[in-house]
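What follows is a pair of complexes built around subunit A, which joins subunit B in one and subunit C in the other.
And now, the complex of A and B:
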């Protein structure tokens, strides 16, 4: 279960680039290409194995004209999907 | 949901650089008869520091694919430093190699330090006599097979590329058998190209019309077998992390729009096969060249003109595999000049497709009983 205190890292085989309004993710080992929306892409860009999800939200919030609760709900959903897809892993 | 094809189309349309091919060196440990490199080209090679700056710039530009080529890229003294730096900067790294040196420690270093998405290796025949005739290095065929087995054992993803020639056209089926046995995909290119300096002598190795037709038949046969074995396909899952994904835009290709090539001396071109001088990294950064090169701007326009011209060929346009770069090199500079190889390919492919639409006689006999 991913929450605002969860710390995440990108899986070792993940390569990604931001091509607004999307992000492209390539998993080297599968191999598989995924296209993410911009919010998920910006979050993935900031995942660093140190910053909790709340910190990621602090960084991303200024980019979007949306209230914090909505952003948090969307972010947790996106990050959960990324974790289920093996793109991010829970560190703590 | 946006598909990868749609994203690729946008890179073409909006001139978003996505793939960069870097020819690190023209040095090579083989001596292929039809090598397309311009071995007479002179200049100051890019330094390691310049390569690292280039990688920083390309990362900032959100370039995803980095292809390290040559010559033989592993022959560059800084290959591992550049490859590792590319990995650290998050590129999807592809290596185009002849595979001759990829054994033992070197193969393991490649996997561990560069971690390439794929290593593409050239196979020139199914027999030592054929392969070694092309490479002009005795023993290169047997050594390649051994190295391919080693790479597979290491878990490295590998792809074989082959140019169909008059020398190997009778061995295509046997070459596929070798590839299948190794568990490695093999892709043929039926077209021999002139050298980058304009020398057309490699064209004497061009495969015969019958050889090209037999290859297409074989590829259809293999495609049918693979499709039958695979069963129904899922609706759409992008599986190709490269520009092989079908793209629909007003441009014929992504040359100069989403991809470029760079030679060992820092010269920038729209494509490895379309070598229009577009800038030099000794004189300007890749960002400056990408946004300011008049040559690249012209090429982007020309890819639209090519698309318009080919539309006049109707359904044959899709069968031609037309390359504006090849057109330019064969015609003395006109990327719109339709060349014989393209029209011949369309004609042969059309014939083979037509054959497939004819119900075989034996099937009729069977069904009538």
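And now, the complex of A and C:
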């Protein structure tokens, strides 16, 4: 279960690139190539194995004209999907 | 299954250095996608069969900056016997920061950056089987060489229209060969219906044919054409052209960039190259039907 206190890292086989308004992710061990929406791409860019999700939201929030609760709900849903896809892993 | 086990009796004895016993003293000089290659250590028979297979790409004289590849003997009993019925042939690949290892049917190969790219091929194939083995090796070498040069080798149909090339990219079964035949019927040239090279230039990217087998023998195998468009290809009930988003285009190209897209040490570079390619090209998605007229649609909308 991913929450605002969860710390995440990118999986070792993941390479990604922001191409606003989307992002591309390559998973090399599967292999698989995915396209992410802008919010998921910006979050993935900032995942660093140290910053909790709340900190990622602090960094991403200024990019979007949306209230914090909506952004948090979207972010948790996207990050959960990225974790289920093996793109990010829970550190703590 | 660990690296090489599918093909080798002793994968732990994979050659660690670019050395061995040459097959012979003959050499072949090739020009592949803007890069000179010197293939050394061949028998006269191996060199002759390759010169015939790669006619039009034989550069004759060795270039000073040629990528050097040496060919060595390897005992047939080092390779596993493989029942190829219903089998999808895929090379084993392993990579490090300065090297790449490849294992396949009746050959192994190593690429190394010291600091320039060079390679070695160890094979049990003499004359009859050798062209197929060397072509498999050269596909890998070309893919890595192009990536290092800022470009990419891409599974695609490369079509020339009015002096410019467009790459039509799609998954297996998307219709690259069928579309290539339709394009020939409509007076366009085909670089290749299977693999095409993109290299950066001062003005963008150029497309080049590579001497690897496709279903269509191209009459436009040599020379470079400016890249016009990247087109995601699929078959449909009617001709229809749509926009393709940059991220979707990069994802498509990444999935169609063989060998390098599986290399964790070079994937970042590949992504950078593909993003540059996409930034300078028209991006479209084309559904095509099995009837004429598709290029009149392309002409109207791709150039708009």
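To be clear about the criterion, the second predicted complex is superposed on the first by the 92 of 92 C-alpha atoms of A that agree within 3 Å, B and C clash if a C-alpha of one lies under 4 Å from a C-alpha of the other, contacts with A are read in each partner's own complex, and residues count from 1 in each chain.
What we mean here is this: a contact is a pair of C-beta atoms (placed from the backbone, for glycine too) under 8 Å apart; a residue touches a chain by one contact, two chains touch by 3 or more.
None of the values given here were measured: they were computed from a predicted structure.
After overlaying the two complexes on the shared chain, residue contacts for A:17 are found with subunit B and with subunit C alike. Applying the stated contact rule after C-alpha superposition, one finds that A:68 touches neither subunit B nor subunit C.
In the superposition on chain A, A:50 makes contact with neither subunit B nor subunit C.
Residues 15-17, 19, 22, 24, 26, 28, 31, 33-35 of subunit A are contacted both by subunit B in one complex and by subunit C in the other.
Looking at the complex, you find that subunit A touches subunit C at residues 12-13, 15-17, 19, 22-24, 26, 28, 31, 33-36. Interface residues of subunit A facing subunit B in the complex, by the touch rule stated above, are 15-19, 22, 24, 26, 28, 31-35, 37. The residues of subunit B lying in touch with subunit A in their complex are 1-4, 6-7, 10-11, 16, 18, 62-64, 90-92, 115, 117, 157, 237-241.
Considering their complex, residues 245-248, 250-252, 254-255, 261-264, 267-268, 271-272, 275, 278 of subunit C touch subunit A.
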